[in-house]
Each structure stands twice: as C-alpha cells, then as structure tokens.
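Multiple structures follow.
Here subunit A shows up in two complexes: once beside subunit B, once beside subunit C.
Let's turn to the complex of A and B:
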C-alpha cells in the first residue's frame, strides 16, 4: 500500500516536472506541414513534460478558451505569412489569454513581412516594429560567413549576460547563437518591457526589397534593435518575442557557423531555445512566498499580532522560493539587488533591506529587525519585489501601531525633572500634619505676652 | 565581443601583410572632422584631418549649438566606392550607450554627416566623460568591414544651463529609509534638580523653626490624651492613613481600590474627629487655650 502511494507521488512528480504554471502548450503554425522543421524543439518541449498540441491558425475548432477558462497554459505562435492569425487568435483574444495568466512566445521572421495583426498586437504591448514590417537586421561584423557570405543576415552573437548588474541572468552561457533573418523590435519606455538579446552596436536594419534606407528613415540602430525581447505583465504573465523563428529550426540547432574574424564553431541555439522557452513558459524566474511572519523581538512573543505599539522592537521575516526547471530552490537575491521591506502608512516610514538569515531545502528566509515609528495609525508591512525576468512578489500585511497606553509611560519618580514637584507635594503634606498637631495640642504662650504688656 | 572588435584591425594588418590573402577591406581617405560654431562661416571653427589607423589624441569638444561635421571618401581597397553601411557611431563604454548617424553617401564614395547636440538622445547630454566616435564602413559581400575609434567627442554644455534629464521608471531597489524619531523628553541636569529639591526640603525645617520661635508647642498633648485617648489617637491615625492611601494611589492602587478605603477612613475620621475636637473645645471653655 505504502509503495503504491510512493509510486503515485513519484508519478505526480514526473508529470509536474515542468513549468510552474501548467503543461498545456499550444503551438500555432499557419501550415502544420512545417512542423517537421522544428521537430527537435517539439521533442525537447515534450521531454520537459509539455503536452504540445500543434494547430494551424486556419483550424476551425481552434479556441484559446473553453467555458470561459483558458484551454491552454502556454501559447507558441510561429509567424504567419497571411495577414492575420484567424478569427480565434485576434489581438484581443491573445491579450485576454495573457490577462488570464497565459504565457505567450511569439516568433517573428524577417523573411516575409510580419502580418498587421501581429504588429497591432505588439503595439498594444508597446513593442514596435518598423512601419514597413519587413526589416531585417544585418551586421557586417558579426555574421555567418558560411551561410550568409553575401547577405550578412545571419547574425552570430554571444549569449546575453545579465541585463543590469542587479538583474539575474537567465540566458547566459558559453557559445554562440546563429540568428538568421531577424525581424527587429524596438521597445517603448515601460518598466514591464525588457530586452533579452540586443543587436551589436554596428548592426542596422533595412528592407531587403528596397536596399539601404535614406539617413532620415533610420529609426533605430545598434543596441536599440532588439532581437529577443520580453514583456512581463503586472499579473506576471509573460510575452516573449523572438525575432528569428528560423533559429528554432532543427537546421540551426546543430549548425556550424564562422564569423569573419572567428573560428568555425557549432551553435548553441538548442540550449538557448531551452533557456528561452523555459523562461517564457515559467520554468525559471518564478518566485513564491511560502510564509510571512512578524512579531515582537522579545522571547516567546505572539506570532503575527494585529497590533503593535510605537517604538516596539519588531522582527519581520519572509520565506521565498524560486522555481528552477522542475523544483523549488532557495531564492538568492542578485548581487546589487535587495529585497526590501517597507513599513508604510500612506508613504513608507521605514524601507529596509531584508537579509537572508536561514535556508531550508526549498527556500530562503529573509528577515530584518526594526523599531516601529513613533507615529500611531494603521500601518502595513509591505514587500513589493518587482524585477525584470522575475515574477512579482507583492505582500501586504496590515497592523495597527498604537500609542503608549496610560500605564506604559515612565513613572514620575523616574523622571528626575519631576523630583522638585514630588518633594513640594510631600513637604506640603508633612507641613499640614505638623500644623494639625500644633493646632490641637499647643498651649497658648501667655507668659511672654504678659511680660511685654 | 569587445575582444572580437579589437582583433579586427589586427586581422586587417595581418591580411595586408600576407601577400596571399585575397580578402579585400573597406576603409576611407580624405577624412576631416570640423566643429563649426553657430553663426561662424563655413570655414570658421576647428578643423582637423582624420587618419584611419590612429585616433586623434585630443578629444573634440562639441559645445552648445556647435555643429560637428565629418567628411570622408569611402574606399574598398584604395578605390573609392559607395559602401552599404557608413555610420558615425557614438559609443560610451561606461554606460554602454550607442547610437549611429548614417553618412550621406554619394556614388563616388564621398560621404558627409552633420551632427549637433539637439540630434543627440537626451541620455548623451549628461555623460561625465567624452564618448568614443567610431567610423563604421561596411558592405555586403566578402570585404572586411571597417570599425575603429577615430576621435573622442566631448559633449560640453554651458554649466549654468540645467542638463535635461529624462525620468524613466525601471524596477529595481530603492534607497533605504530609516524613520527619524522625535527626540525623547529630557530632564534638566540632576545637580540643578537636587538643588531645587534641597530648597523645597528646607521649607519644612524653616517652618518648624519659625513656629518654635513664635512659641508653638505640644504641651497639651498629655492632658488631651488623658481625657480622650481613643478619639485623639484614631483621629490622628486616620489623618495619617489618608496620606498613606494617597501614597498607595500614587504608587500602585487605582481609584476603585482607594474609594472604599477612603470611605472607611473618612467615617472613622468624622466620628473620632468630632470627639477629639469636642475635647479641644472643652479645653477652650476651661480657659486653657
């Protein structure tokens, strides 16, 4: 019986050994006969536990939603040649899918003009394509001399490092990528957008049908051209744009490339495709809060009380896990970054860095100790951790910060300045008692008075 | 990648040195860089020749409304030719910013680009040091492209004018905030307090001395206790008990504890006080007071 249960748990673990947000993946190809071009990609995804369904965008029974719920967890869209993706995949449907926490990986191709439906979908997310939608990135320095000796449109680039010094690198590693016929994107100014792979500084884009554009027609050059970019919505749903769909083909997974100045090497497209799909479909960069605790810094204090007093020494701790491919591991904050706690009433009174204090097998406990401000009111412990490439953490726990009670102030004898008044009070009391005794028992002093009279 | 680009000129040199190497390379000649202040004539201002192999030693200053002009003739293996890519590329190594300005290229390879501060993105205006200006010339096909730093461009501004900045919101850590507490209440120095306590304490001996000087005494105490011992003792005792209750109220008791005690002591004081004061009245009627 017990081994039966163990086997069941084991099976469940195997089935769940993939994305933190579900396994149903829908791949949209305009022409399903093209699916053999990407057979390694499908095999890799299935090996990681995805339940891949490949559908044509022209299919009649294709629907992203069933009974108002998502029918799939993830969507992989390969670029269509026709004007749109069909009636069941309008930009509105795709945005609804994201609003319901679905993840999308959209591949573009510079081979043909991008369809206007996709362009308007990207515009909704503040990702911009060129106005003619048929630009290709070329670089006369980092191209593959074997396959694109004349056209220079197969870029050979290193895998990207971290975006900033305080951002975790999810796509780095050794080796070069071959990116044939990239459709470049430029990004709007939004904190939700982040570039994954940018073109080198010497790259530019042009329309192969029209030749080199006039100087005033160039909108972006160099690193402003994005080859792979990502948008993570406020609900942490992910939208990833890959400029070169051909880089996912079997052919480029194991191709050999050579730059003008380099040696012949084989590409790491397969490894990069794994990193990219893993991030896009929430196998990496997913954070989870396991537990939040706050209490007074005294021994045996009550856990998570609803009321604190001003100037109380308080300890706050939060337990965070990160999902990496198939398991939860302790979360490490990247080097220059910090997980911060705010103690807020309208605006933060304290904003403190939470330090890792304890590690379990699957999580890290971050905590800090501080004194509640000398302002009474309704405060909240807030952890608002939103970073590029990581799902957001937003924890808010409301507590009352009360004033001193009447019997919690220091007593008057403890205040040295009050001693004068205390001494005055007791000397009046002593004087009163002495006066009563003298008045009750004093004999009149007649003798001396008589003598003087 | 930097290493790659650094190796490009070496590869070019190597290619030139080897007689058997067939690869052709892009380059330029007759290059000049000029800075023309606003309002000055075409030939006004600063002008210098550029060499393809070596960058200028001094940074070129682009101040205020000046216009920077770079002209050159692009070449493919020493013969003028129109390249597919001819860019003036500005790069800042510290921030990683880069932007390219394409040359206006004629068919004979003659190229020209003009640039003033208002063409630059706002991020370039607030840089601390000069940026690297590269010339990038390349084309399709097998010729090696050219990309070298030819001069440093220092983007200068009138220090009295505010540098335009751009507010961008990016997710990241925010500055720490530590609440500044109000100063706690403080007492005067203990010496001053003790001096005033001593002055207050001295009032009791001073009062006693004054009374004794005026002849205050307790000569009637034995006779009073002889005639009404119980009432005098309880009356004085109840007065002292009142003060004791006040002391307990001050230190630990609450109002509900002192009220019954006060009621009891007050009743005792009323009864015993009227008896004791009756005795005092007896002494007055007897002419003793």
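Let's turn to the complex of A and C:
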C-alpha cells in the first residue's frame, strides 16, 4: 500500500510540476470560435502541463469559485468586444480571485475599445488606460515595414533586459518581438506594479479613429507607455497585462518582420509568450522559505527558543529556494541586491545582510550572527524581501529579549572596581573581631587591683 | 451559694484567668465577625477576583505558584506592555504573592488541596481578622483599660474604611499591608516602651515585610522618624528611644533594600531622607548626652550650640548639593500631589485620571467611619492628658493621616487604624466611668487631688459618677450608637463595597436581580477565538483584566510605568483613522477593545474617560492632539450632530458608535449615558472591522485589518466592496508625475 501512496504522490508531483501553484487554467474568450487563432499557445500551455479549459465569457455555467474555493488556479482573459465580461466575471469576482491567490493574465487589444469593466478593474490596481480606452501605440522608428508600412502600429522591439541592476531578468533573450496594435497602459506609483516591457522613447499613442492626438490630451509618451505590465499583490498573486493580444496569435508566433533600419528577421513571440505565461502563472520568480532557524551561538543550543537574554550572541539562518519552470533550485540574490535581516522592536535595532553560507540541491541557506541589543522587550526577527517579479518573502518571528536574571551579573569579586569595597568590608569585620578580643582580655585587671586595695 | 461561686470565678488569680479566657473568646469572635462581614460578595456573586489591580496580583501569584520563587523573582513579562515588556519581578511588591504562595504550599503540605484562586479571594478577609488582633495589641499599649483594646479591635474589624479595601476577592496589596502597618506600629511602641533591641529588631522585620507588600510603607518610614524627632524636641531623649530607633533604622533599611523594586531608594530618594536625617540627629544627641556627663554646664552649652549650627549647616548644604546633582532623586509626582491637590491635574494627568487619587469629599468620612469620626478628636484629646511616648505617637499619626486622608481618597485607609484607636480610647474611658456600678468613695477623691500633672487639663480631679440616671442615659446612648454603627457598617459593606465590578448587578423593575456579565463574556470570547499571542489594545484600565481573564498580551495596563506608551494608545484612540492605523500596525495590534455604555447607561465607559486619553496624548504630542478640538465652539463636550470634526473622526468615537444606529428606528438613536440623540448615520470604519460586541454592548472588540492586498488605501477598498465606482482623477492639477524605476 505504501508504494501505491508514494506513486500517487509522485504522480501528483509530476502533474503539478509545472506551475508552483496549480495547473487549472481557465481561458476566457468572448466566443470560442476565436480559439483557433491561438492554437499554438494552447498547445504550448498544455505541453507544459496545464489543464486548459476554454470558456466563453457569455457562458452560463462559468464560475470562478466553487463552494467558496477557487475553481481554477490561473485565469487568462482575452479582450471582449462587448462592454463587460459578463455577470460571473465582474471586477469584484476577479479581485476576489486574486485575493485567494489566483493568477491572472489579461490581454488587451488596440483594435477595439477596451470595455469599461476592465478599465475600472485596472483602475483598482492603479493601472491606467486612456480616457477613450481605444488608443494605439505607434512608433515611427521601430515598426514593422512589412505589415504596417502605413500605420506604423506594429512595433518591433528587443526583448526587455533587467528592470534595474538589482532585479533578475525573466524576459530577456535574443531576437525581436512583433507587437501589433498595442493598447498602452500607464502605471501609478504603487510599489506592487512593475513594467515588463516599456515602449521605446520614440513611441506615442493616439486614437486612430479621431486622427492625430491633441496636444493637451496625451496619456503619456515614450517609455511611460507600457506594453506589458505586471502587478504582484501582497499575497504574491500575479496580474499581468499584455497590451497586444494579437502578438499571441499563431501568425505572429512565426512571422517575419523588418524594421526601417534593420533586415528581415523572424519574431520570437512564441519564446516571449512562454516566458510571459510562465511568469504570470508562477512558473518562474517564485521564492519559498523552507526553514527559518535561530539559536544561541553556543554549541548545542536549543533551536528556535522563544526567549533570549540581552547581549546574547545569536545566529539566524533562513533557507530559500526559487522555482524555475519545473523544479526548486537554490536562490541566488542578484548582484547589487542583498537579503537582509532586521531585529526589530518598534524600529530595527539591527539590519544585517544575510550571507549565503551553504547550498543544498534545492535551496540556499543564508545566515548571520549578531549580538542581541542591550534592551529588553519583545523583538522580532524579520526578513522582508519584496522585489519586482519575485514573490515576496515576509518572515516574522517574535522572540522575547529578557533582562539579566539576578544570578547572571558578574560576582562582586570579578569586578576590579569593587575590590575597594570588599577590602573595606572585611577590614571592618576584622577590626570588630580584634576589638572584641582586646576588650574581652583587657577588662578584669583593674578589678583585681581594687580588690587588693 | 450562687454569688460565692461567681466570686470564685471572678476574683483572685482564677478571676484573671477567666478574664483572659473571655478576652480570647471575644477576640476570636471579633475576628470571625471581621471575616464574615467581608464575604457578602462571595455569597452574592461567586468566588471571583475583583476590580483591576487584583487581577494582576492574581496572575502574578499563579505564575509564582507554577514557576517557583526564583523565576518569579526574575520574571520578564512579555505579555504586557507589548512590545516593551515589563521586568515584572523587579517592579512589583512581592509580599502579597509570596504570602499566598506560602499559604498555598503549607496547605498542600497538610494535604489540603485548595485552589490558588480561593486562597487569593479569601486572603484579605483572613488578614482582616489578624488586623483586629493587632489592633487590640496596639490599643492595649495605649491604655490601661482592658476594654479599649477590645473596642478598637471590634471597630477595626467592621469599619467600612478598611472593609472597602479588604472584601473577599479584593486581592490587593492593602489586603495584607494594613495588618502589617498596625502590627509594625504595635512593635514600635513596644520597642520604645521597653528600649529593647529585640522589639526593635522585630519592628524592623515586620517593616521589611511591609516594604515587600505595599508602596505605602513610606508612611511608616516617615512616621517613626517623626515620632522620634518630636520626642527629641520635647526633650524626651532616652536610651530607650535611641536603642529602638537605631535598631529599627539599621535593620529596617537593610531589609527594605532587599526588595528589587525598592533597591537603593532608601538612601537616594527624598521620601526616605527624613529617616536618615533623624538617624544622624539621634547619634548627635546621644553624643551630646554622653559629653554632658563629662563637661561643666557652661562649656557644654557653647559646644552644643556650635555643634548644632555646624551640623545643621553641613547637613542642609549636603542635602541641597546632592539634590541638585541628582544623587538624591527629587520628590515623586505622587508626593507633590499630596501637598497641592491641583498639581497632578496640570503636570501628571495620568495620576489625576485615577479616581482614587481625587481629594476626599466630606461625606466620605462619615460614610467610612460613622460615629468613630466624632469620637476621634476626643480620643486624641485624651492622649494629650497622659502624653507618654506612645501617646505622642497617636497624636502625630492622627494629624498626619487626617491631612493625607483629606487629600486623597485612598489614604482614608491609613487614617482608619488611628481613628479606631482614638475612638476606642475615648469610648472605653466613657464606659469605664459610667459602667461602674458602685458609687465612688471619697478616698479616691483625695487621691485624685494630690496627683499633679504637667498639663492643666489633666489637673482636674477625676472622681466618678454618682447618679444612676446619668449612668443609664450615657450607657444607653452609647449602646445605641454602637448598634447603629454595626448596622451602618453592615449596610455600607453590603451595598457599596461588595461589588466585584467585573460583574455588574442591577435591579429590574419587578425587583429581581439582573446580572450584567459583559466583561467576562468579551474576555472569554478573546480567550477562545483569538490566537494565543493576539495583541489587544485598550485603554489602560482594562489591561490587567485582559491579561488575567483573556490571557492575551496588552499594550498598556494599570501598572502605568510608561507614560509615553499610554500616550501612544491615547493618540491612536483620539486621532483620525489615517493617523491611528500606522500606530496600530507598528505596535502589532490585532484587536482593539472599547467599553461603551451608551445602550445600558453605564457611565464608566471609554467615551467618558476619553478626555483623559486626549489630555495624556496631548502631553506628549501637543501639536497633533489638542484637547480644545474636542470641545465645540461654546466649550461643550458633545457626541451628537454638533460634535466637533475631531471628535467625529476620532477612532474612539467611531468604534463606540459603529453600527449603533442600526439598533434604533431611523433617526431615533439615543445615547443613554450622555443623554443625547445621535446623528442619523453611523460612523464609517475603514481600517477596523467589528469582531465582537457583548450582549449589552458594553464591550466592543474590533479587528485591525491587514494592509489591502492590492495596495489600495482602506477607504478606497471599502468603497469598492460597497460597489461604489471610483472617480477617476482625470483632471490632474500641476505637472504630470512620471514613474521612474
């Protein structure tokens, strides 16, 4: 029986291997006939282990939740033409889905106006669309001369590198992307948002139906326009917005493009779609804390005690792994970044960089050693590691830092400054004893003299 | 043959034995009466710890019994004053807990398994019996009359002034401290009378016990030196005084320094300086006495004057220097408030906010002491008549304690013993004179005239009462007063002092009792529905109860050691949600508890205490919290439609009235404590959500929401959940803010 169970667990592991958070993927299309346009995408996703169910947003039995639990792990929404996504996909449902750790990839299109429901949903996430919701990004320097010689609305761009020097790149690589008719987004100032692919500095957006943009009614220009943007909620649920749904279509997966300055090449849209869906559905950039240990630096000290004393030498270590496509690997902190530990009571008393001390097959152990502060109270070991594109690590372990017990102070003779007092004490005792002895043995002499007289 | 057989029992040596036996029986009866009159609360409610401070003492006792003495001594309590914690072992008076712990272990040794709770509940009544005995001993030292001691014991046993702090369940330091106070004074009088090192050492021993039990030990620390000082000033220096005082001071100070909370205070704090000063003075006086024996009068006079001047100059200069340099701590705020009753209100609102630190109202004296209060001056006058060393003590004690009892309500407790002594002296004198059946003979008259005393009042001859009529009238009226006293004491005890204040009782219109048990309901909800280390924020009054009954960590409690931390809670309660929420997050608060009496008309609720929170917070953050903002333009404190914006937006107001309007028909919501009609709309809470409200809405608990998962602020998130569409900020003022990575 036991091997049976083991086999079952293995099977489950294989099935779940692809995404770190489940394989049930729901794709929403306005009408299911459209699905042939994206057949390569579905095939790729299924090949990576997803159970793709494709539903129409008009479908009656469509429900994100069943018995109060998520019915799917991931949601892929292709842009509807109508005003909303139907009664079972209101913004509230979608946000609830995120609050319950579901991931969402939303594709927009510049071809048609984005529905107002989606616009208000994005507004809750601090992602802004233009007021008329039907603008398109154009760039007169990076367009495909083959398919959009006139309109310049098929952008041809390099894959994005790392966002900053201290952030890992998940979407980089060789080759160019073709992004036809992008609906641009701008991002608010929230720390949860991060751009995946920004428009080039020479790009701008306008509503093709109304002609040239008026100077005062510009959404944004240049790299403030986002083509692909990402939002990671506090519970690490991911929401990805892709500006151009057409770039996922079969024909753009293998199309040939040519920029005004370059030569004819074929696109890497298929590669990028893999990277994007892998990130959006938590196949990459997922961190996991396997173990947190803290103890006194002495040999054989108790593990994770709930109480320390002030001025104790303490060791803290945390084991972190990263999920890359189908397995857990040791996590490496990017070059300019550091994983830090705070020892906090109201405010941090220590903020220390955790150094990688050793690696296992699947994880890296980071640790540091420090002396607990000379302040009693309820402290917490905190690791708060939140970076773009990585799921957040928020570890908080409360410990008590107590004062010296009455028998833990150094003894009086161990303090050199106390020797004066000790000497004084003993000299008084000695003096008193000497006095008593002298007194006792010197009294009777006069008595005997008097008696004889 | 009946009279002769009675004579055998009542006269001679067997008569003395009979009287001794009677006295023992009477004392036992008095002790029993003292214990039983304190059991009202147990009979009427249940065996439960009362009020606030006793809950901490109870919790500490449980810790002591469970973990042993040494870990109690080094106890760092991480479940109060989150996140600062409290070095509890070093900041409490351990006498009470150790006493109960010892009793518990002795009973266990005798194989009597008694729950520690019952020991704690019944400790105060038990010790009140002992107090009555100690009172008998003390008063017997003052008077030759055997009845004075018994009367004093009886008074002490049942007077409401003492019962108020020692009913069953009132497990507070005073429960044992009053016994120790009286007994220490008895031993001191004994020591002064006999000039014996043994009695002096016993005084010091019980003084040390007293120091370990109650902060009021400072009263003894100052009263005994004052007694000695007055005796010296009266020219009554004797070796008896010298021996007893030096023994007491040396041993007592060493003893008191063993308590960690007291530590070096006896040699550094101004409150203790009088004892040290008198100790120095008595050495000088003794030295002068010694010199006097060896020097002729004139030279001695010169030496004495120069010595006095020199010593005074040196001592005063030294004291000033040490005070200025900070070696001797300045007088504590509580001490200042003893001299100037307005001091605390201006400088230390936290002390003034406690009701038992308010000045005493005059009726309280009669309420607590009944007819003793008018016998008291008579007793003091009679001490002047004799004026031996111990009578000087009674006079000083009465003067000091009367003053302090007038300044602070709780100090009525220290006045009560001396009132009992003085009243018993007066009453026993009356009874001794009027109860004598035989007519006085002329022999005693002659004896009385020959006696010559220093005071004129004492020079009049005491003869006796001849008339049976006056005898019977006086005895009857005294008996009547005594009976009324007993009736009054019983009535006051049963009606005023036997409520546990954890459980409230009220009468329904049909006369039946209605128990309001909201506090325990809410505390048990917390205990059963929240994680073990969920932090509860409430005003400090409820800290000990939450710690004791709900067993959850609190931010502040009745041990008000950190004014800033209390002010932080005050600020969180009195500020807007946007200001409070970061404070709550920073302090890891999970639940907020407020007490609201609006539905039931319970006047001790948080909104009525709210101004103290504002004042205490204003003391630390005068720019952010202002008391003026909570009063309307016409200076009224209102909670209705006209309330000020600061009031309406404060967290306390919102938490008190959240959803309250839904109990009433639209527009009819009434607050029964403040007697006002409330606004139509109930206030909107964004960062907190209601977790629990007790049956009569007295205790309301709110859970602090986590940060919004999607990074919105709480008001937007709540608006979205309600289905309101967010207004898009289309027309931005000023230049566009660009996002940089």
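Please note the rule applied: the second predicted complex is superposed on the first by the 429 of 453 C-alpha atoms of A that agree within 3 Å, B and C clash if a C-alpha of one lies under 4 Å from a C-alpha of the other, contacts with A are read in each partner's own complex, and residues count from 1 in each chain.
We take it that a residue touches a chain if its C-beta (ideal position, glycine included) is under 8 Å from a C-beta of that chain, and two chains touch if they have at least 3 such contacts.
Not measured: the values here are computed from a predicted model.
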Worksheet item: Is A:159 contacted by the first partner subunit B, the second partner subunit C, both or neither?
Response: neither
Item to complete: Look at A:131 in the shared chain and tell me whether it touches subunit B only, subunit C only, both, or neither; answer first, second, both or neither.
Response: second
Worksheet item: Of the two partner chains, subunit B (first) and subunit C (second), which one does A:400 touch, if any: first, second, both, or neither?
Response: second
Item to complete: With both structures superposed, pick whichever of subunit B and subunit C touches the larger number of subunit A residues.
Response: B
Discussion item. For A:379, using the defined touch cut-off, is the partner it touches subunit B, subunit C, both, or neither? Pick first, second, both or neither.
Written reply: second
Discussion item. Looking at A:233 after the superposition, I want to know if it touches subunit B, subunit C, both of them or none. Which is it: first, second, both, neither?
Written reply: second
Worksheet item: Where does A:282 make contact in the superposed view: on subunit B (first), on subunit C (second), on both, or on neither?
Response: neither
Practice prompt. Give one of first, second, both or neither to describe whether A:189 is in contact with subunit B, with subunit C, with both, or with none.
Written response: both
Discussion item. Just to be sure I follow: which residues of subunit A are touched by subunit B in one complex and then by subunit C in the other one?
Written reply: 164, 189, 191, 224
Worksheet item: Contact residues on subunit A for subunit B in the complex?
Response: 138, 140-142, 145, 149-152, 157-158, 164, 166, 189, 191, 200-202, 204, 212, 215, 218, 221-224, 259-262, 311, 336-338, 340, 342-343, 348-353, 371, 373-374, 386-388, 415-420, 423-424, 427, 429-431, 433-434, 436-438, 440-445, 448
Discussion item. Show me the residue ranges of subunit C that touch subunit A in the complex, using the header's touch definition.
Written reply: 70, 73-74, 76, 78, 82-85, 87, 90, 260, 533, 586-587, 706-712, 716, 720-721, 723, 725-726, 728, 730, 736-739, 741
Worksheet item: Where on subunit B is subunit A touching in the complex?
Response: 1, 4-5, 7-8, 11, 84-85, 87, 89, 91, 96, 98-104, 113, 136, 138-142, 144-145, 147, 168-179, 181-182, 185, 187-188, 190, 193-194, 196-197, 200-201, 203-204, 207-208, 211, 214-221, 224, 232, 236, 239-240, 243, 246, 276, 280, 288-289
Practice prompt. Can you check the complex and tell me which residues of subunit A touch subunit C?
Written response: 91-92, 95, 98-99, 120, 123-126, 131, 163-164, 186-192, 194-195, 220, 224, 231, 233-235, 237, 307, 345-346, 376-379, 398, 400-403, 405-406
